[in-house]
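The first chain written gets the first letter, and so on, giving A, B and C; residue counts start at 1 in each chain.
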């Protein structure tokens, strides 16, 4: 597709108007004093702040971005096809590699879809363990986001502070399931392992400590004038545009739409715990930052409640030896991942393998608005916008 | 910050206070870093880095690392070449060729048992699948190879590492320290089955009425 | 002959200081960052990792020297040299000790006793921007070019504020020579407050400090080499010794500006209460050490700030330079001039 088609067809004037109304930080006036020649700039796939192998073809007029065209596919591994070649349970490790910084939520979305397709009922203890894992995963994913986002904007120290806490979460994961990133910690029908002895206490210890660490990051960033200058009013995403593009997760909530699958359609143990959904209304980079910071605090609340309420009993449902989906069956199950709604659509054909698997990857949907957010911003804002979109290319390319 | 009613609400542009206009909040950031600096300078802080090859972390007993083929007391491999691990492997990295065992009670043994460590995704399914507890995992993760050929590990090498060092064992079917927990779980199992029966009876009576 | 020897010795002292500042500062920066960030930092080469910079230098020496195919080879080679030159020449007008007497002849610890002292310094310091522009232009890389454009805009706009704050420091002295600035700052107010320019010209000091952050391309003003936006900015394509010359140039200009700041605002080599009248060797050493201690404060501040703040955006940076710092510097200059004319200073 050509540049002109791309922007003329898709962005419309909706965004331009919104930008003009809501921000006056960027100078959108075209200077006609000199001849202006636009430069094409390849932003990625090997660039420090594209978070993987995203390539953005930018047209820049000096520092100002005239046009932005993302090119994806550098990490395409044919995962969806791979799902069709393996029985249901063997696909769980593949889901680890979609959003590779948030494996637990991917696992849950997938096994949830399988359970829905086959009709397995998960025992309550397994549900609680899953909730705990997912919320810890959300914290660790947000920490990684904050670390990279801060380093994109130039603050180095939060990076190390975030990784310090993320390390503890990864240790907890390792203790539970033996891996730190590619967890493979759920199975269709329940949990493969119970929590190790003393795990709950170590987790609670971390949770007690963690809010003070969030305060530390916020001390470095939240009220920092430079941070605010770089993020407030940058990359404004209006709520209607966000909904049109299917943007989910913290990005949507920062635009003022209170949509969280954990509350809207509670799965696992989310119906039994109390938590708030942070919503902000400006839809800019700073608000997305605020939303994610608050989400980490809420996740701490959720895990604490789950640890308190953790029921005894089975961790695995009674399930057949070979999981077979009914003929001509399909199921879609989605959960609120750290980056947005992650869902799996499975079609069964009576064999142990899924006939088709479609992944609804939040990063892919969220990436779509990046060209709109980046347009008419400066090159430095591009980095801030991309950082706050929180994409993981493993999930975008699949 | 918490939920403040339904959407959409109008955006509220930020207004900077005079303190912010003077860049004074920058001081709080400087205070955070200074606190860390001073604390670590006088050795009061906690440093999270470890000097890796000399120091090692305590690894989880469930760590999914390099595989181990376990042996019987007489030193022969426990593996009976049933191919369950190869079938369960999502990465298709296990290659087995079976041979007939001289002992009639054992039936088969692996002539060849190769794991391609570059293909392996360390999911632990082979350990789950094994009916003989013949394959377990260690917590060894420093695997480095000069070429792809070396990454295919044969059964001799799989037998070797850490087979007798308890502290380096990783993911395996049984953990002695968790026996009590498993026993408790089995009690839970009974309860749940009874409850399910009761619920089944309830729903049956409901449909009957 | 004696003058020549004396000048050579003075230059040797400055060269030693400036050339050793890079490895030491790199070590301080990395260990300091580690302490701030709860890490260990370099600890393998030598005690406490002290020789890490040495090892890095050796590594850089032996790296392949790469130039892109269509680069302008002449400018590409010239640029890293020019990066070091201004940093290595500005010291000629900065005094590092009292006037001493060696073998019966008076020697002032100042390489060049040019009457235009500070003017020469500003002229030499402003050469720094050429190296960045040349590097960015000649490398034939879009990121380098953008870095160069940013560098030229940034350094030129902050030079004004920097120069005006320097001028304000010179006004009460009535001379352009920096040794006169130091001798003006000797003594105390009311017996305890050092007679430093820092106190009456605090605004000028702040402007100078902020502008020197921008002049040395350090966070929060490291836009010409903002690694998250421009990969490595103007030196994206540089490798090997050429890269390390840029590296050295950055640290040396940091050191130069720190020394200049301590000379202009903190009384230079003079510290009230210290005795500079003894043997010439002790006098000179004390002067140098006091100056270095004061400069070290600024260098530590550079490190501390680098690991705390995010980076400004390009337009914000220019806005800050032209709309905030320049008016402040002018206001400071007017204030100081008024105070001087009215005889307060």
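Going forward, a contact is a pair of C-beta atoms (placed from the backbone, for glycine too) under 8 Å apart; a residue touches a chain by one contact, two chains touch by 3 or more.
If you're wondering where the values come from, they're calculated on a predicted model, not measured in any experiment.
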Between A-C and A-B, the pair with more C-beta contacts: A-B
Nearest-to-centre chain - CA centroid comparison: A
Centroid spacing, where centroids are CA-atom means, of subunit B and subunit C in whole angstrom: 52
Between subunit B and subunit A, distance of the C-alpha-averaged centres to the nearest whole Å: 23
Subunit A-subunit C separation of Cα centroids, rounded to whole Å: 44
Residues within subunit C bordering two or more other chains: 36-39, 307-309
Shared-contact residues (touching 2 or more other chains) in subunit A: 157, 164, 220-221, 224, 226
Residue numbers of subunit B (touch at least two other chains): 26, 29, 32-33, 48
Partner subunit A, residues of subunit C touching it in the complex: 33, 36-39, 142-143, 146, 149-150, 219-220, 222-223, 226-231, 306-316
Of all residues in subunit B, those that touch subunit A in their complex: 1-4, 6-14, 16, 20-21, 23, 25-26, 28-29, 31-33, 48, 57, 59-64, 88-91, 121-125, 128, 137, 170-171, 177-178, 181-182, 184-185, 188-189, 191-192
In the complex, subunit A residues that touch subunit C: 26-27, 39, 41-42, 47-49, 62-63, 150-157, 160-161, 164, 220-221, 224, 226-227, 229-230, 378-383
Subunit C - residues contacting subunit B, complex: 32, 34-40, 43, 304-305, 307-309
Interfacial residue positions of subunit B with respect to subunit C in the complex: 26, 29-30, 32-34, 36-37, 40-41, 45-49, 51
